[in-house]
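Just below sit the structures, each encoded as structure tokens.
Next come two complexes, and both contain chain A; in the first it sits with chain B, in the second with chain C.
Showing the complex of A and B:
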């Protein structure tokens, strides 16, 4: 089977999964107790007001009609309208996504940059003190509640040392704002520098808080994957030929050990999205996570549906892209029979 | 994450021999008894088992004192002799829920001092924002964590094993439908799915457990399916089919037991993960309601008092950390014992 046919097949396979996600989110929000109309209009609305709202959101129609309308809306890129904010859910996601995206990218960057060397060193110095230390770090990392790490870091670095900020994020690419007079390059440069420093001061603690779990998980898999590769016959053969350990590690072992690591990183992304909900709450960040939590408190069901579907869609696309890139990168992967 | 390789015959023999081994020399190498002896030789795994056992014991004790005594107190016979909720704690210790009169709030542990006074042996770990003893609340809070960990894992394990075994055994469109459904659940981030589930059905602890259980079904289903696909081709399964054994019995008696080893390992790790997730849910305000003590909720309350008494947040965090480390270490040890080739 050619790569194009494989791509098309993977896309087709995604359709039932997406429909499943839509159905689950739709049915869950239908089961949400309490009348959304009352939440919007307060305790004593008039009959006409109730009717108007019910008609506007289509609540007076039977379940299957509403389901059909919802799917039809999704096909046109319409995720519905938030009951609380009274704006399209898609707009709300657009506003909230940058903060979450920034948090996810920076915590994965932190996790990958620290975990891969840690895992490789751990495998290289197996059962030596360095290995034990790195294993303990990894074990504690996967066993600690991320929000607790966040709280402890706020206590130390914000309250006691005052080095960093504990609330909100400053998005670096949004710029320092229109305060600078045009043409004054020195002032603009200064403002940008301040802006970026400010951004880093806000970002560092949430990054560490969320990234620790991913770092620990990646370290564990990197270590065991490296150990497995290092015991392979071809590595033994290279050793027998007198190739230096350094070269073996760099040229023979490292590359071949990365496939399970990449798979795990992919799977960790959904875990991190869940973790971001907690991190955003601890650090009072206006991201997707706090949007979801607040929507649940407010019983804002279109927002719950919209955000859940959005995450599901991102995951499905992510899996397809990963599968297809495997097929490109690794010639041993046969893009044939579905596993 | 389980890292079992798929073409692995050792595991299947390891779990089947308990019933089928007739030759003693085989039994000496494989089977549950062998696995246990391997775990016993692994000091780290034994430490993990010790933590798991201790926490389970503490949780059972708290459950008896809270729920069983509260249940018995409804009956005249027991109520007349003074049985009540937290009977043991009230008579031999302090009540974990009552706010004592005159007790100092936010006291530090023994040997330390803060603006509210010095720590005393009456409250070895200090007191919380309402002057309650932190140690007694930690002990009674273990119940929620352990209960949630075991029950939600049991839901996910039973559900996942059935779905995965049926999908793997029958193959074809049954496989397609079940695994697409599992993939659907898997696509939604774990915590987001549980939150949506609780929004729909209720914010109580029960729905937290069910939600976490249901959300973990796909993990178990995928894991056992990958084993079942190869176990299905084994001779003994074909023999059973030829002998006309019903599918249900083949799946329950032959296919599942012989594919169970990785599920057992994942189950142990999942208990720890569930404890973390439910602590997170309590932190967000979804889960057990005050005054019932739970670690997640203690952490959630303590974040407003971090500057006054930091120990109030340190203890429940440490309790969660130690418990989850226990389950992770024991799970890792179990995996090494079940498949020595993965032992690094």
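Showing the complex of A and C:
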């Protein structure tokens, strides 16, 4: 029962889900009041202009034809053309994706790297001062809105201390731009260093702002999960056979305790996508979040549908990755075939 | 007679809960000699398992061993001494100098000298590691063997406890084993570390009867072969009869009767033991004739005054509500036979004979309903 076959099967199973997302967003955008053509043409367009635009975007055709065309386009990687930007939606997503991806990856990395040790230590020193401190941090973290954290950090670290930047992102892998003297390795190295420092200065606050909620949520589940596993018979048995507490924590308890954590991280991806919209707004980042919000303001239906489909795709992949890692951690979870 | 392997003296383990102090083990003393299987019997909540984990110093917060002594092969696993405090007040109990440290207990006693088999084989193996890997790890720790030798020994032990195709099953995960097979694995773990003493904490309770029989036979065989001593914790008098050499009957944290298995069964000296024996179902009895112990065991947080069993005892008299009997020698046979019951007037001299009998109104027990139903059927 190979992991490859399982992955392929899960991907095939994702097709109906994606088709559902496409259909629902398509029908919703048709049912929503408001006419994108009027928004495009301003207050008092002539009837001829309206007809021309409708014909250009195929809006004069019946619903099922438009639906068929849309799905057919999707199969060819065509998400339609943005009514506002007048460029293909896919191009727009390509432009905006790196910033959001960078933000999501860095905030999840921050969340996981801090939350797991915090949760484990908290469980190990249950009801001791370390545990209380970490629980207070987690409680504050889950109950504080991320945009408020963002605004407060901007106030302190940008306006008062001036340590970091509060607007936009610098994408690290895009490089420092053309060098004045090609071949000058010292200059190139310096430019790259400056570029990466700049990138970090822009990235840190949005990462903390978005990652705090994930960090807090993961810490809480990690703690309770570890506590549960530490009281299991097999941990007791390891103790009874003279295994040291350190080995018990790292080997005998840790892996079992990660199952609920993995589930939570998978689910948090959705929450983080939502959170990214707010974070991008607070930190003026031109990412997917601002793209989707602005498209809604402008009734730019192809872009709304395209970005929604894209987020759906990300989420479905997230769930599949969660399931696969689940089976990887726990041998009791098989890849869905009889033994 | 040679020095006993394990000596437990006046052991007290308490749990400090929000509702009060639970005296789970309240002053028990017993010994285990080499090559012996000693039973620790009693109902649920009698403190058997707490006593077992106390011996390995595995009692978890909020539980704590608060008194008594545990000696094993001349080493002190637990022991306190009085130290005079400055100024007034009672002397303070502190660990004795010769008591093993936590690290010493972990490295020298657990697994190496005393191993344990838990009640529920389904929960005792770690689901994310292979059975062989877990066995090998414990062997490596407690036998100081390199990995490949530990592996060979692990396979050998799996074969020894009757796992078919041990070589192949080595890499299987616990969920691929049945309950009985898992208990065999746990027995293999215990024996592989070659301890002098194995504590079996109700190891067959979670298994069905046919498997229970197989496991008991297996332990019987291997006990002779490896010459290991056992403490066999159980509530099942049938198992006791089958496997134990000597028996300690526990009630509410205390040992109420202590004897070798024959005189315990044929010359029972304590009403509680008698009640336990009477509550074993027999094929020639109907449910109505079955004679379970009246009522439920009181909580150890607030034990009854006097003899703790007097609330359920058919032979209780007024004096039993006032006087607490210790466990004393009562037997007239050859071996030692100790019991904690005032009815042995010659030993306790508490005025049992003149004392008035008391009616025990049982509450909450299931005997009443069952008996009435039984009578209605007649």
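Keep in mind that, in the parts below, the second predicted complex is superposed on the first by the 313 of 339 C-alpha atoms of A that agree within 3 Å, B and C clash if a C-alpha of one lies under 4 Å from a C-alpha of the other, contacts with A are read in each partner's own complex, and residues count from 1 in each chain.
Keep this in mind: a residue touches a chain if its C-beta (ideal position, glycine included) is under 8 Å from a C-beta of that chain, and two chains touch if they have at least 3 such contacts.
All values derive from a computational prediction rather than experimental measurement.
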| item | value |
| --- | --- |
| Simultaneous placement of chain C and chain B on chain A, clash or fit | fit |
| First (chain B), second (chain C), both or neither touched by A:274 | first |
| Which superposed partner A:101 touches (first chain B, second chain C, both, neither) | neither |
| Between chain B and chain C, more extensive residue contact with chain A | B |
| First, second, both or neither for A:188, with chain B first and chain C second | neither |
| Which of chain B and chain C A:308 touches, first, second, both or neither | first |
| Partner chain in contact with A:243 - chain B first, chain C second, else both or neither | second |
| Chain A-centred angle between chain C and chain B, computed on Cα centres after superposition, in steps of 10 ° | 70 |
| Which of chain B and chain C A:232 touches, first, second, both or neither | second |
| Touching partner for A:204 - first (chain B), second (chain C), both, neither | neither |
| Contacts of A:255 with chain B and chain C, given as first, second, both or neither | second |
| After fitting on chain A: smallest Cα gap, chain B-chain C, Å | 9 |
| Complex contact set, residues of chain A against chain B | 13, 16-17, 20-21, 24-25, 28-33, 123, 126, 139-140, 142-148, 151-152, 154-155, 159, 217, 221, 223-224, 227-228, 260, 264, 267, 270-271, 273-275, 277-278, 281-282, 292-293, 296, 299, 301, 304, 307-308, 311-312, 315-316, 319 |
| Of chain B, residues touching chain A in the complex | 1, 3, 180-181, 183-193, 195-202, 272, 276-277, 279-280, 283-284, 286, 296, 299, 303, 306-307, 310, 313-314, 317, 320-321, 324-325, 328-329, 342, 344 |
| Chain C to chain A touching residues, read off their complex | 56, 58, 106-107, 109-112, 115-116, 118, 120, 123-128, 137-138, 141-142, 173, 175-176, 186, 189, 193 |
| Interface residues, chain A side, partner chain C - complex | 232-244, 252, 255-256, 329-332, 339 |
